[in-house]
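Two complexes come next, and they have one chain in common, chain A, joined by chain B in the first and chain C in the second.
Our next item is the complex of A and B:
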C-alpha cells in the first residue's frame, strides 16, 4: 500500500514538471492586442486593411506613461493578416485581452459577417468584446490616444463598455449580442458609432444594420431616444419648453414596455408605455413652482417625449429595419410558427405606433 | 461490508447528474431539436424520467445492502448475468469517456490552448483513476462536500444569467411557441438523462441499508429547473438560431456574462472551475460504478475495503488501467463531430437500457419474493 502511494506521488510530481513546457510563453514575451480595426483597402475589393492596437506594458501604471503600437496590415483574410503581423513584432500576439473590434464605416456598409464570424470562432477572443463602427476609419480611431487614458488602449473600451463614463448616447453592445441579432429572425443588430474629434473620441450615435451591413446612422438625439426604448434606467436629461422658456429634467429611472396588438382590419398597433421619473434640474422661469405647475410641466415633458418617440419609431419603420425586435416579440406571442413571419412582414410596414409617456418629477432639488 | 449511509446521499447522486446536465452533451442534443419538438420531448421526459426513477427507487429498496452483481447472480443464470453486467458497465463507462474528452476539449479551447491535449487528459485520468478506487462511502462523502460548494455557485450563475439585460426573453418565448411539435426519441432520451443519477445506485446501494424514497416532488422540481435552464439559457443569450451554432452552447452562453466588480471579469472562469470539479466527480462516480460491476463478474463480492484481498486490488488496477487506455485512444482518434455522434449513441442506448434494467429488477424482486415464500 505504502509503496503504491509513493509511486503515485512521484507520478503526480512528474506531471507538474511537464506542465510548464509545451509552447507556453511567459507574460513578458507576449504582446496584448487590445483592439482590432477593419477597413476597406484601395488595393481591391477582396483586400482589407487590418489594424491591431497593442498595449506596451509599462512597469508602473501610476507613472502616467502610456504606450501603444498600432500595426496595420493589408491582406485578403484576417487570419493571414495576423500571421503577417507576427513577423513585424518581436513577441507572441495574445488576443485574450482584446476588448474591441472596430469596423470602418465603408467596410461596415459592405458586410461585417466574415470578421464577426471569425471573432466568435476564434477560441482566445471572448464573446464579451465590444463591436463598433468607426468614422472615418477604424485605423484613425485606433491611433487616437486621448489624454485621459491611463492604461494603453483602455479609453475606448472604458467608454463603450460604460464602465467609465455613463452616457445616454452610448449604445452598449456586446459581440454575443451582435452575433445573436445577426442570426435572429425578427430582430436586427445595432452598433455604436465612434468618431474622432481632435484627439478625443466621440461616441454619440448608433448605427442600425440589416443582418450584416450598416444601413442608417441615427443622430445623437434619436440615439438617446433609441437607448431609452431599448434599455432601462437611462440617466439623461430631457428638455421641453413652456412659454418659450427651457425646462430640463434629469431622468433617473426609465422603463419602456410595448405590446403588439393585432388589428382585426389587418392593421396592427404597437403600444408603447414609457415611465420616467426624475428631478427638475434647470428651469428658466422666474416664478416659484407650485403643485399645479409641476403637473403641467410633467404633462409637457410627456407630450414632448411621446411626439419624439413616435417620430423615431416611424423613421425606423420606414427603413424596414427592426432593431428593437418587434418581429421576434410578434413571433414569440403567436403560435402559428409556419406563417407568423409572413404575417409580420405584411403587418410591419403599416403598423401604427401609439406612445404613452408617464413622467413623474419626484422633486426639484433644493429650490421650490 | 463497510458502513451505512443515510438516505440523503441518494439525492446527492441525483443532484450531481442533474447539475452536470447543464454543460455536457445534453443541451447540445436538445438544442438541435429546438424547432422540431424539443420542448415537447422535454415535457414528456419529465413524467417518464421521474417514473423510472421512482420505480427504480422502490425496487432497489427491496434489496438492502446489495449491488447489482449480487442481485443478478442470485436470481439469474450466470451466463445471462455476466454479459448484462459487462454491457451495463460499458454503457456507464462510456458516458464518462464523453465527459472527459469534451472537458479536455473545453479546457483546451477556453483556458489554455498551449498545453498538449494528452497532458490535460492525463491529469484528469490520474485524478479520476485514483479516486475511483476509493470505497463507495468515501466517494459519497466527497460528493456531498463538492456539491455544497458547487450548487450555490451554480444557482448564483443561473440567476445572473436570467437577470442579465442582454438575456432575450423574446427568443425564449419564440421557442416556447414551438412546443406543440411532435417529440423525438433522441431528445427525450437526452432530457431523461437529468434523472439518471439513480443508476449509480446499482453499486452504491451496498452502503444503503434502510433506503426509502421520499420527497420525489423535490426531484421533479429540480429537474424541471435544470431542463429549463439548460435548454432556454443558451437560447436567451445566443438566440433562437444562434444557439444551434455553438459547439458548447452552455459555455458560449456563460462567456456572455460579465462580473463587473470582482477580481476576474469573465464569469466563464468561475463556471469552468465549478464544472471541472463536477465533471471529474461525475467521472469518478461512473468509473467506480463500472469498475464494481465488472469486478462483480469476476466474483469479488461486496464493496471494496482498505483491507481487501490482493487479488481484488490487482483486478481493480487492471480495470482502471484499461479504462484509462481506452479514453486516451478514443481521444486521439476522434474529432468533434464524432464526439457528438458518440454522445447521441450513448444517450439513445442508455434510455433503452434503463427500461431493461428496471425490467430485470422487477423480475429479480418477484423471484426473490417467491423464493422467500417457498
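Our next item is the complex of A and C:
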C-alpha cells in the first residue's frame, strides 16, 4: 500500500517535467540584440533615439543569408525604450550577445555617462562589450551591412574588437575599461570612431574624451601614433623620405615606455623611449644597400617618428586630456598622496616631451 | 590409528537411492569378480566415461583383490572417503563417482568438463598485444595466469560460494605485495555470501559490495589474463569465479576503469594521450547533453554568437523545449544501442542502419530535432563507447540523465551543482577501504590515513 503511494507520487513528480512553464524560453524564442546605438533626438533635449540591431537566425548555414533588423525607438530613457521595443517584436529580447554600443557623434559630445552606466549595470550585458563613437549617427552605422558580413551584426564587432582585422588605426576599447577610466583619476577614456563609407565601415580614428564627453578626434595618422604609444607591437608601416625618395618600413615589434622626471625648477619632463624593429618593405632608391646606408635609413626613421610623436603629445597636452595615463603614473610613483594630484595638474600643462626612438631594421634584403 | 569409515555402505546406498529417485541421468553398475562385488554410482552427465572405464572398471578386473583396488583409488589426490551422506551426494553432484564396497564408501573424481576453448578477448580488445581471454573453466584460467606469473609468491586459495550452486572461487594474490587487511576483508565478504546461486562475477559483486546502491562499479571484471596479472603484480587481489569468463579484481579505483591494456603496450606518451582522451570523452559524454539544454534555454550568451544563431536557426521548427528534444534523441539512441546488442548478429546491421537513418536524416528534415542535436547525440554515443569498461560506461550512461535534469531546471548553475555532487559522491565511495576517486594512483598520505577506512 505504502509502496504504491510512493510510486504514484514519483509518477506525479515525473509529470512536472512535462510542464515547461512560462519563463522558460528556448534559444529560438529569443531575439539577440547584437548592437545598440544612441543618438540625439530632434524632439527635445531629454529625448534620445535608441536603435537596436537584432540578428535574425537563419536555419541553413550554407545559404549564406545574413538578415538583421534595426528597430529605432525615441524615448527619455533606454530602459523605457527597451520595453517599447519589446512590443514591436515577437520574441524575447536577449542582450547576452550585445557586443557593441555606439554613440552618435553629437550624443557623444554631450555625455555618455548614463548609457555607459546602464550597460555596466544591466545584468545580461557582458562587460566585454565594445563602445565606439559613430559618425554621422549611430543609427546610420548600425544600418550598414557590409558585403563581407557572414553573421548578422558581426562585421562591426569583428572589426572593433580586432578579432578579425588587425589594423594600426583601430583603438580597441572594452566597456569595463571605459567605465573604469571614466572614474579613474589621472587617466582619461578613449573610444574608436566608426564612420560609414558607402556600405563599408571605416574605423581609423580615435576619440579622446574627458571623463564623459568626446573632446577631440584624432586624424588617422595621429591615431596610429597614439596606438603605438598605448600598446605594444603595433603592426604598421612607417614612411620616411631620403633624398626625396620614399622609404617604407614594416614595423613588426614596437615598444614605447616613458619616464616622468620631476624637474627641480617646477618644470617636469616626460621622456619617451620607443623601440621599433621591422623590415624595410619598400625602397624607391636605385642604389645597392650598404651597411652605412642602412644605419642612415634607421636614423631617418627614428627622427621622423620622434618629430611626429612629440607633435602628437603636445597636441594632446594642449587639450588638457590625459589618455595615456601620465597622471596615474605620476600619482603612482609619488608619496605625497594629499597633494600629488594638484602638483600634477600644475605640472602637466607645461611638461616637456623628449622622444627618443631606436629603429632597428632587421632584415634588409641586401641580396636575394 | 586406522581411520574408521562412519558411513555404512548399505545404509548409504539405500539413502542415495531414496535421494536420487526421479533422477534419470544416474548410472549404477555392479561389478563382480568371484566373490567380490562393488557398486559404482555416478551421474552420467557429470563424469568422464573414458576415465571411469580406464581407472575404475578395467582396474577392478586387472587388480588382484578389492583392498589393492581401494589402495589404488586412494592414491588419487582427489579421491576421498566421505564422512556424511550429504557430503557424498554433494561431491557426486560435482562429478565424483561413488564406489561402494562391502565395508567402505569411496569417492573418485571423474569430473567431465565441457568448456569452450580459449577465445580471443571480445569486450576488452587491444590493437597490439596478447589476445587470449579467460574461459569458463577456473582451472584453465588459473593455468593462464600461472603461465604469465611464474612465482611461488602467487598464492591461490580455494573457496566455494552459493548454497545451491557451490561455485568454486579462487583467490589469487602475490603475498609479498598484497595488503593483508584487504585480503582479510575480501575473504570475510566472500564467506558472508548468502545467495543460493552464484552464476556470474556480478553476483559476487552485488552481494559483497557496500552500499548496494551504487552508480559506479567498485570491482573490476576483466576477461584478460594479462590485465589480471598486471593487477596482481600491483598488489591487488584477483578472484576467479568458475563458470564465468571473468576475473574480479579488487580493490579497483575510478582510474582503473579508464586504463586499457593498450596504455601499457604503447609508448608512455602515447599511453598518457590515450588516457587523456578517455577522460575528455568522459566529460563530453556526461556534460554535452546537459550543456546543450543549459545553453539553449538558459545561458545562450556563453556560446559564440555564430553558434547561438546557428542553434536558434536550426531549432526554429522544433516544437518542444530543448530538454524534450535531448531526452527524446538520447532515448532513441539508447534504444538503438540496446537493440543492436541483443539482436542476432545477422539482423544487427539492419537495425543500426534503419535507426541511424531515422535518427540522422529524417528527424532533422522533418524539423523535429535540430541539426546540432544530431551531432551532439552521435558525439555522446561515440564518447560513451570510448570508456574501455562496459560497467563503467553503463554508470556514466545513466548519470548523464541526472545532469540533463539539473540543467533543465537550473541551467548552468545546475551543471555546476551536479559536478560538485558527482565529485562528492565519487570521493565518498570506498572500495575495500581504499578511496575510490584516488586519481593517478598517487600516495599523498604515506603514513596511513585513518579516515579512509
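Observations on the structure shown:
Throughout what follows, the second predicted complex is superposed on the first by the 341 of 368 C-alpha atoms of A that agree within 3 Å, B and C clash if a C-alpha of one lies under 4 Å from a C-alpha of the other, contacts with A are read in each partner's own complex, and residues count from 1 in each chain.
Definition applied: contacts are C-beta pairs under 8 Å (C-beta built on N, C-alpha and C of every residue); 3 or more make two chains touch, one makes a residue touch a chain.
If you're wondering where the values come from, they're calculated on a predicted model, not measured in any experiment.
Touched residues of chain A, counted separately for chain B and chain C, are more numerous for B. Of the two partner chains, chain B is the only one that A:174 touches; chain C does not reach it. Contact with neither chain B nor chain C is seen for A:10 once the two complexes are overlaid on the shared chain.
In the superposed pair of complexes, A:291 makes contact with neither chain B nor chain C.
Judged by the touch definition given at the top, the superposed model places A:55 against chain C, while chain B stays out of reach. When both complexes are overlaid on chain A, the residue A:28 reaches chain C alone and has no touch with chain B. Touch criterion met: A:232 reaches chain B, while chain C stays clear of it.
Look at A:126: by the touch rule set out above, it reaches both chain B and chain C. By the document's definition of touching, of the two partners only chain B reaches A:333; chain C does not. Judged by the touch definition given at the top, the superposed model places A:151 against chain C, while chain B stays out of reach. Judged by the document's definition of touching, chain A residues 24-25, 124, 126 lie at the interface with chain B and also at the interface with chain C. By the touch criterion stated above, chain A contacts chain B in their complex at residues 1, 8, 11-12, 15, 18-19, 22-25, 123-124, 126-128, 163, 174, 176-177, 179-181, 183-187, 231-232, 325, 328-329, 331-335, 337. Residues of chain A that touch chain C in their complex: 17, 20, 24-28, 30, 32, 34, 55, 57-61, 94, 96-97, 99, 124, 126, 151-154, 157.
Every residue of chain B that touches chain A in the complex is listed here, in rising order: 35, 109-110, 112-116, 119, 122-123, 126, 130, 165-166, 168, 170-174, 176-178, 180, 237-242, 245, 252, 255-256, 258, 260, 265-266, 306. By the touch criterion given at the top, residues 295-297, 299-301, 305-306, 308-318, 321-323, 405, 408 of chain C touch chain A in their complex.
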